[in-house]
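Each structure below is given as structure tokens.
Two complexes come next, and they have one chain in common, subunit A, joined by subunit B in the first and subunit C in the second.
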Partner chain A sequence: MALPAIGSAGLALDDVAARLAAALPSDLSDLRVQEPDTVVAVVAPAVLHDVALRLRGLEGLAYESCNFVAAVDLGDGFEAVYHLYSFAANSYLELHVAVPRAKPVLDTVSDVWPAADWHEREAFDMMGIRFEGHPDPRRILLPDDWVGHPLRKDYVDSIENHPNV
Partner chain B sequence: MSDQFATTAPDEAMALALRRIADSEAAGRGSEMAGLGFNQVVVNMGPQHPSTHGVLRLVVTLDGELVKDVIPVIGYLHRGKEKIAEKRTYYQYIPIVDRTEYVAGMNCEWGYVRTVEKLAGIEPTRRAEFIRVIMAELNRIASHQVGVGTFTADLAPLGTAMVFYAFRHREKILDLLEAASGARMMFNYFRFGGVRYDLPDGWVETCRELMLQVPAWCREYEALVNDNAVFLQRCLGKGVMTQDDVADYAITGPNARASGVAHDLRRTRPYSVYPELDFEVCLGRHGDVYDRYQVRVDEIRESAKIVLQCLDMLPAGPVQLGTLRAPYVVTPPPGACYTAQENPRGEFGTYIVSDGSRYPYRLKYRDPCFVNLQIFPKLLRGNKIADAVAISGSMDLVLGGIDR
Partner chain C sequence: MGLIEGVGLGPIADRIHYPNISQFERPNVVTTTVDFIFSWARSHSVFPFTYGLACCAIEMLSSGFARFDVARYGMEVFRPTPRQCDLMIVAGTVNEKMAPVLKRLYEQMSEPKWVIAMGACATSGGPFYDGYNVVNGVDKIVPVDVYIPGCPPRPEALFQGLLELQKKIQAMRIVPPVPADDAAVAANARAAAQQSAADLSPDDLPPAAPAEELPGEALPSEAPVAPAAAPADLEKVGD
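After this line comes the complex of A and B, so read on.
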């Protein structure tokens, strides 16, 4: 199956935001446009997987690719940033999902976008966010026996953290 | 089976490969690896292996000669660059970015510098924009020469002959980059609002002379391999990537264009002075190993075309904003931003979160090789192990970018 031609929807960024607001009115909050190429929205963790499925299947404006997933430590909690790309709209959609520090668990979206697989593993490796339903939830960049998650702001480096060094 | 193995090698990837075999055997026929246990063998390829182009490790499950399963293992070159970013000022971090996709350092630096410029609202000078495009395209040529050269060496119909043709030409480009920046590969050349040095005397003429030779270089590469029967047998129809794969796995760069997806950020989301330049987006049709090779050779030609245009259009003026000290301290307002650009291997982006201080609060790379590598298990499954080497060579991976 061929992909839609890039930019074939011919929509300006504001129109993309309006279409998204109409298609998922209750699930995308704080919808705003970040020039020149990104629509930013906040999604509740509970509906993340459902929103992902609907965005991927959105008529005429499908978000076919998951560009990357970034985990950010905000101090009192984490934030997972899902960066999606739509070929038809030729623009990005950035989903911000709050993750509580006490229980850093999210649903995986790697079944919706296979590209999210390794980014989720990296988010677990570096920030300690666990992804429920992930097919291969191992560390990815650090050794298997590493202790702790180094990109957390409260991480303290110590020789105890890497027993084989 | 997995318990037995655990005593000899405490290695999660190996254990996983064996567990998958055991699971598929337990599941009976119908599972993708079922019923083949008799011939199955798990081979560890890398991290020190000449055809993985760096410290990539593949745990390959073979049935006879056929690849049944692949588990890529990465991280052997991990240097914690995202953590380092949080401890350095924006300015101090520029040389670190070179080491990301180290075959294309100029492009990486540009990606990082553009994100910070966008966050801080800095506009580079016009002469600097042209110099940046020239450097990025020169580096793209050099990078594709590495990609094409080492790829043909993997196929081995010509031994390593092609590597030396490509690397001999690449050396001339590195000389140019060295004359401008002072270093062959780790440039530290880009600055916020411009570049570090103006071009030295006579550089433009030398560069123009060299770029006029590029079409002849490409003809030389093509004359060496394009009609070679062994080469064609090993390339045509192998490792086909469909357009759906491109979307699913977020493949970008020449690998996506070889499948006919016209995704080239220089055209689809133009930045810098690319809208003023005339060049083609090189596309393949079949998405196989051959198309991925041919797209890269074509892109070498197009990049030379871009450089020649930029040399003609190069305006006079400063290459940096204000005084020398101006760009040292950059304090972007709080906020987050992602910018992406077309690196030789695809979309290279940096996502930076700023808290208003002199240090990035969080920096995340979107590296094309890291993303492209994810499709390996799908692409290699069902191929012969020798073709697996050809296919991985055609993806042109750089481990510095994957491991960061």
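After this line comes the complex of A and C, so read on.
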């Protein structure tokens, strides 16, 4: 059941997916619709920043809000998930970006959506994904001298990781 | 008229027991000890520090409102700054990022100060005891006076903890107790002074009278030494 569209476009979810596929044909792969209001797509890490800029400026379907940035440990690699929202179309977009475990580095999108700043810091703190170009790439939840990234599946807790307490 | 007949003001006034005010005609002095009056005042005017960290804070705050009303114990003056507080109620989970902040705020509180660990988390880590980021008990950082179990404790449990803390505060002593050894020293010194005064001729009398009146202060200040040596020294002083 699709929620009533409040934006000027008033697009149905399938129309949103079709417009996204038309606007960024080569960059959004595995485009699919997830009821009631979300479009899911996979983006290559190399074009992430470029895709972010273009999504933010889409005519009538501008994803102006970055709700949060999630990080997932899939075992053989990580995945960063960007949850975006378009006020104009009242529609959500999930961008899934694969991150290799050997070199967990992505381009920052905090210059595109300032809200992503602290979310990227949290993703670094918990999962160890570094974001190139981030203005303040410190830990955000744990003490600065913490060793390791505790939400990784292979993290083993030890008092040596946080000797202060 | 029949109903109120015989129930006039006179009989009612006779049944009222007015307080006996004759005591105010006498010298109106109440004597007590410094320890009693200070611990009584301290234990009934505790200023808690608003240190809510998790769901226990909801109970702590509700205990301050009208339904439970912590003001009944004189502890309603919650302060948001540690410098005006003498009781830190740690209400909630302490994680490692918070730990140095908590320690610093505790050190900023003025003496004397107390800490209550409210709830399972502040006591031992509680349901998060094996979390990678959870301090297993705030007593790893600051000394705790009273532990309150519960998850979270109801306001009644907090009140019982406050009452236990009141007992602890009332047991505090400002005036240091005279140790038994010192009392023996003072008694020996008094006896020695009397003896030396009796040995002296009446012409050399002056030290005797002050030694009688201030045995505990005047004599030890002249001879603040070990008990065994006290009588010999006093004789020298007397000569």
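The rule is simple: the second predicted complex is superposed on the first by the 159 of 165 C-alpha atoms of A that agree within 3 Å, B and C clash if a C-alpha of one lies under 4 Å from a C-alpha of the other, contacts with A are read in each partner's own complex, and residues count from 1 in each chain.
What we mean here is this: contacts are C-beta pairs under 8 Å (C-beta built on N, C-alpha and C of every residue); 3 or more make two chains touch, one makes a residue touch a chain.
Bear in mind that the values here come from a model prediction, so they are computed numbers and not experimental data.
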Winner on subunit A touched-residue count between subunit B and subunit C: chain B
So, does A:Pro150 touch the first partner subunit B, the second partner subunit C, both, or neither?
both
(request) In the overlay, answer first, second, both or neither for which of subunit B and subunit C A:Leu141 touches. (result) both
Kindly classify A:His162 by the partners it touches after superposition: subunit B alone (first), subunit C alone (second), both, or neither? second
Considering only the touch criterion stated at the top, classify A:Pro25 as touching first (subunit B), second (subunit C), both, or neither.
neither
Is A:Pro100 in contact with subunit B, with subunit C, with both, or with neither (first, second, both, neither)? neither
First (subunit B), second (subunit C), both or neither: which does A:Gly77 touch?
neither
In subunit A, both subunit B and subunit C touch residues 141-143, 150
As the complex stands, subunit A meets subunit C at residues 141-143, 146, 150, 155, 157, 161-162, 164-165
Residue positions on subunit C within touch of subunit A in the complex are 96-97, 99-100, 132-133, 135, 140-141
Residue positions on subunit B within touch of subunit A in the complex are 11-12, 16, 74-75, 78, 80, 82-83, 242-244, 246-250, 260-263, 268-269, 336-338, 340, 347, 349, 351, 353, 361-362, 364, 366, 370-371, 373-374, 403-404
Interface with subunit B, subunit A side, in the complex: residues 1-3, 5-7, 34, 36-38, 64-68, 70, 72-73, 81, 83, 85, 87, 90, 92, 94, 113-115, 117-118, 126, 136, 138-144, 150-151
